[in-house]
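Once you scroll down, you'll see the structures, which are given as structure tokens.
Paired with subunit B in one complex and with subunit C in the other, subunit A is shared by the two complexes that follow.
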Partner chain A sequence: MLSNYIKIAWKVLLRHPFYTFITLFGISLTLTVLMVITSFLDHLFGTHYPEVNRDRSLYIGTVLQQDSAHTSMSSGPAAFGFLVKHAKSLKSAERVTILSNFSFSNTYIHGKKIKLNTKFTDADFWYVTGFQFLEGKPYNEANIKNGDQVAVITDALRDQYFEKGASVVGKNIEIENVIYRVIGVVKGSPPTRVYTYSDVYFPYTAPKSNYQDKGMRGRYIAIVLAKKASDIPEIQAEFDNHIGSISKEEIRDGQQFTVLIVRADRYFDHFLNTFARDDTQKALFYSIIGLVLLMVMGLPAINLVNVNVSRILERASEIGVRKAFGAPSKALLWQFIIENVFITFIGGMFALALSLLVISMINASGWIAYADLTINFSVFLISIGVCLLFGLLSGVLPAFRMSRLKIAEALKV
Partner chain B sequence: MLRHLFKLIWNKKGTHSLLIVEIWASFMVLFGVLSLIVYNVSNYVQPIGFQYEQVWNLDLAHNQDTIQEAEKIQRVLQRVRSYKEVESASRMSGNTPFSANQSSGGITYNKVEVHGDFYASDAELSKVLDLPLISGRWYRDEDMIAKFVPIVINSKMQEKLFLNETALNKVIKMDDNRYFKVVGVVDRFKAKGEFMSDEPLVFEMIGKDNKWNSNILIKTRPGTDAEFEAKMVKDIATMLPGWGIEVSYLKDSRLTRHNITLVPVMIFLIVSGFLLTNVALGLFGILNLNIARRKGEIGLRRAMGATEGKVTNQFLGEIWVLATFSMILGLIFAVQFPLMNVFDLASSVYVMAIILAIVIIYLIVTLCAWFPSKQAARIHPAVALHEE
Partner chain C sequence: MIKLQNVEKVYRTSSIETLALNNINLDVKKKEFISIMGPSGCGKSTLLNIMGLLDAPSKGQIEIDGSKVENYNDKDLAHLRNQKLGFIFQSFHLINDLSVIDNVEIPLLYRSSTAKQRRDLAQEALEKVGLSNRMKHFPKQLSGGQKQRVAIARAIVGKPEIILADEPTGNLDSVMGNEILGILQKLNEDGATIVMVTHDDAMAKKTHRLVRLFDGTQVM
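And now, the complex of A and B:
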């Protein structure tokens, strides 16, 4: 039965190439847009190189200070000392790393300028992240303790500063008049991994790191690695406890502040919290996303329903004959729904090919360095789900109308 | 005629309801995207008011050095000015042109309070950025007397704070120890680039003993390259051991700024472009089917003496009535934006977007209806009536 329905659907598709084109164009482009967007969101928020443990990590990125009247507010990264005291000491975590927020620098070689992102980290940074070392090794506690002027650089910087593909461990690199010894070379990461992306990594005891800053605010953030994802609530509770025990005097921070908000959040929540501070803003954010999605999916769906409804009469004689021979409305309903889902899946196949094309274009365009957009299993599953929903959405109403057609009327045309 | 068209549509309201929803949704999408575009374009056409081509931004960070920072910055400034490759140089606050930093605050005069951006600089900034003044002059070192800080404002600030009176020589009390005195007015200074709207702002003068504003804007002579930059950074690094030194070019920062605005607009444009193509194709298909189905009616009208043009006009009229009806529905939603002042945009932006959206929708439906109705109208009455 099913293969019969599909055979009919195939013949119907071939009958009017123009309408088939409209239908497939709508379906495949809608799904392509959705797949590329999901893939991009996955790229931004999913667990990827070098933050291979993001699914069991918590981010402590902003310290928010407020006075009681909510008139003045100040927020930004934390001071190194603050994080050592309150984050590094978390007992329920597997490891905690403290790293500086991004900062910029330049280096000059042979009359050429190289723009740099620099980062100061502790030794645990290399444990929490999963950087792949092309040569050399990361700096360790001993390097940090001795205040060694060593650096880990990315392959992109190596190619620009030294020679493409050369072995550079042990060579010197001069940045702002300070000479560092290259200790390791890592595979670079896309700049969209905002906390771990950099061109060069220094131990935090290197010059100009400002880890000595007093007070709460500074230039550092922390990433807390949990032993397993289920430990996260426990760690959050412990951290909230640490923050809750800070004295009023310390919260004042030399100014008028009475409220201190520091959270250890999962990456996505952390990202959301930076621009939606309270629940109403979050609700607004989600409703805007919902509205955009509804428009992106709804409009093509309405369009498809419209085309399908208009084309009922084309199939009237077929429906009439089937009804006259005793086919129940339900069977007809199922036939048309299956037909529609079949067409949607053909569209989905086109969409998959198109998305792969678009994604490989984005990856190759250099728009995002080291871009690693993929259609992974979850993206693919979501797309299949959307396909099904789309097929049902655009198929049910026309099918319902068709199955209700009167025999005499249907045969007359 | 209109009543007749309306009746024709009302008779088939079931089939048409979906079409109405479709046109309504397209209108809303267009309205949203066009608001964004109209807003950015209307900002873009206003000049930014200063020159940035040859200007570099030298960002100094004192890090752990807390001894005599002001003197050290001043010494670096003197050194920078002494290079023959440098035309002029000025100290500025961290919110340099095209940077992500912002600094804003309120300013009150005669009970009028205006919120604006605050920029701090020394006496050379107007030379470095080629900022033309429309009245008064840029502040000079000798303007800094006791409690009085000389300031320069833009015409937007003059308009809002002094209600279009001349601002020159007016004194604004900030607190008991600090008074602002207006010495000049510039036309525009859109520091965040072309896509920024023209906001009220204040330039205040910084004294030589100020240690907080440690950016130096440097206007270089044409043809200056990275070779000189490397030499300058090396010189400064020897003067300021332990300090952070970063040089960036304003023209590069400007591109980064532009991308922050342009990338989302491009994404919205691509997505809505695809949505509208989709709708246009679908509409064409539906109208093609619907009109072809009314051959009998067309044949009858043609037999009664209606010309081809009249028949075409009937179908075009029908779709226009339908589109108008959908857009009235859409307008009920769209006018809420200017009325409730959503997103703080000028209502002219929304009105412009609404007008453009209406025009584009009419264009699309006309294009989609024109070809099928033209084709249908060409049918010979005898052929059409024969089928019945």
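And now, the complex of A and C:
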């Protein structure tokens, strides 16, 4: 039965190469766009190098302070001391790291200026993240305690500052007139991993880290690692409890603030909270995303419905014959749905090949340094789901109309 | 085998009402071979469609092999057509995208049978109409007579008791026409009940009984 349907679907495709080309072009293009977007979203929000534990991590990145009249508001990263007090102390977490947002510095080599991104972290940073050390090792608690002027650099900076592929552990690097000893070299990460990306990593006790600043606001964020993903709600509750117990005096923060909002969120929620603070804004965000998806998928699907419906007439005789010889409407409905899903999957295969090409071009273009876009298993599964949805969306209505055709009418054509 | 009682068929459009069949009473016995004749537009094909459950009457009752189909739904009707009826059309209605053998297998797709059983039965049917050497061909590679023989093989592959043929020789020359009639006669001798619509007096004379229609009314 199935092979009979597929045979017919294949023949129908070959019957009008031009229409087939238009149909497959539309399907492939739509699915390619969706697959590349999915891959990009996975690149942004999925669990990837060096944030290999993102699926069981919480991010504390923003301290929001407001006065009671809502006339003044201040929001931004936290002070180191604030995170030590309220995040490091979380008992339900496996480990908590505190790290600065990256900042810009300069260094000079042979009189030529190199612009750098620098970051200050604690020793737990290397435990919470999964950086691959190509050489040397991370700095530890002892280095931090002693205020050692050591640095971990990326392979890209090594190649630029020293020599491509050279062994540099123990050598000195001068940044902003301070000399640091290179203690380790890591494989760099894409700048889209905004919290862990940098060219150089210093212990937070190194010069210019401002870790001793007082107050709530500063330049630091925390990443909380849970033992397992299911512990996350418990950690969030404990953190909310910590924040809830902060005294009014502390909340005032030397000014007139009465409201303090600090949250420990999963990465995507954390990202979403930076521009959609309340539920209404989030609902709006999801509605816009839904609408865009509907447009991207719905319009080509409607077009395909039109093409399919207009091609029904050609097959009226076949429908009449099948019904005359005992096909119930339901069997015909399934036949045409299967045919459409088959065509969509052919489009899906083209789209997959095209997506791999586009993704490899993005990765190779240098548009995002260390870009690691992939069609991994979950992206592939989502793509298959999208193909199926698209096939059903564009196939059900024409199939329904076909199956309802009156036999005597169909055989007259 | 087929019983029609007070059957009426009216076609309605927004402005006009046409009475295509008027009070038809017909009883086709088992193993009978009857022909239906009449001028163009007199309702022959409509009558055949109603007998074959391809169209519903506006009034009246139909009985196929003792089953009254009045309250049958789409699925029941499809099942009855599949088990009891085989159709042959003037314009063959073969599916051009399928090979001869795949076309012949169609009625069996809607029964519970294995691919091997379907292939064997289709081969057997094609042998009966003398086309076993054209199994892999496609309809476009066949002559009119060959196409109609494929259509007959398709009609008989499920071994139905009733065969309904709508001008089966209408698109063929007289030699081919006689050949097709010969096959139908042989099927009738083997036990099939056949109802054939025709314009050809000579052909009609070779059947057991003639039903004549005029303006939707049975005149003979």
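Keep this in mind: the second predicted complex is superposed on the first by the 413 of 413 C-alpha atoms of A that agree within 3 Å, B and C clash if a C-alpha of one lies under 4 Å from a C-alpha of the other, contacts with A are read in each partner's own complex, and residues count from 1 in each chain.
By our rule, contacts are C-beta pairs under 8 Å (C-beta built on N, C-alpha and C of every residue); 3 or more make two chains touch, one makes a residue touch a chain.
This is a predicted model, so every value here is computed, not measured.
Once the two complexes are laid over each other on the shared chain, residue contacts for A:Val12 go to subunit C alone; subunit B is not touched. When the shared chain is aligned, subunit C comes close enough to touch A:Ala331, but subunit B does not.
For subunit A, the partner touching the most residues, choosing from subunit B and subunit C, is B. Using the contact criterion defined above for the overlaid structures, shared-chain residue A:Arg322 touches subunit C, although it does not reach subunit B. Shared-chain residue A:Ser245: touches no atom of subunit B or subunit C. In the superposition on chain A, A:Thr71 makes contact with neither subunit B nor subunit C.
In the superposed model, A:Leu411 lies in contact with subunit C only, and not with subunit B. On subunit A, the surface touched by subunit B in one complex and the surface touched by subunit C in the other have no residue in common. Of all the residues in subunit C, the ones that touch subunit A in their complex are 46, 49, 52, 54-55, 74-75, 78-79, 81-83, 86-87, 89, 93-95, 97-98, 102, 105-107, 109-111, 115, 154, 158. Those residues of subunit B that touch subunit A in the complex are listed here as 15, 18-19, 21-22, 25-26, 28-29, 61, 63-64, 225-227, 229-230, 233-234, 237-238, 241-248, 271, 274-275, 277-279, 281-286, 289-290, 293. Of all the residues in subunit A, the ones that touch subunit C in their complex are 1, 3-4, 7-8, 11-12, 15, 317-318, 320-331, 406-408, 411. Of all residues in subunit A, those touching subunit B in their complex are 18-19, 21-22, 25-26, 29-30, 33, 103-106, 108, 111-113, 115, 176-177, 207-208, 210, 212, 295-296, 298-300, 302-307, 309-311, 313.
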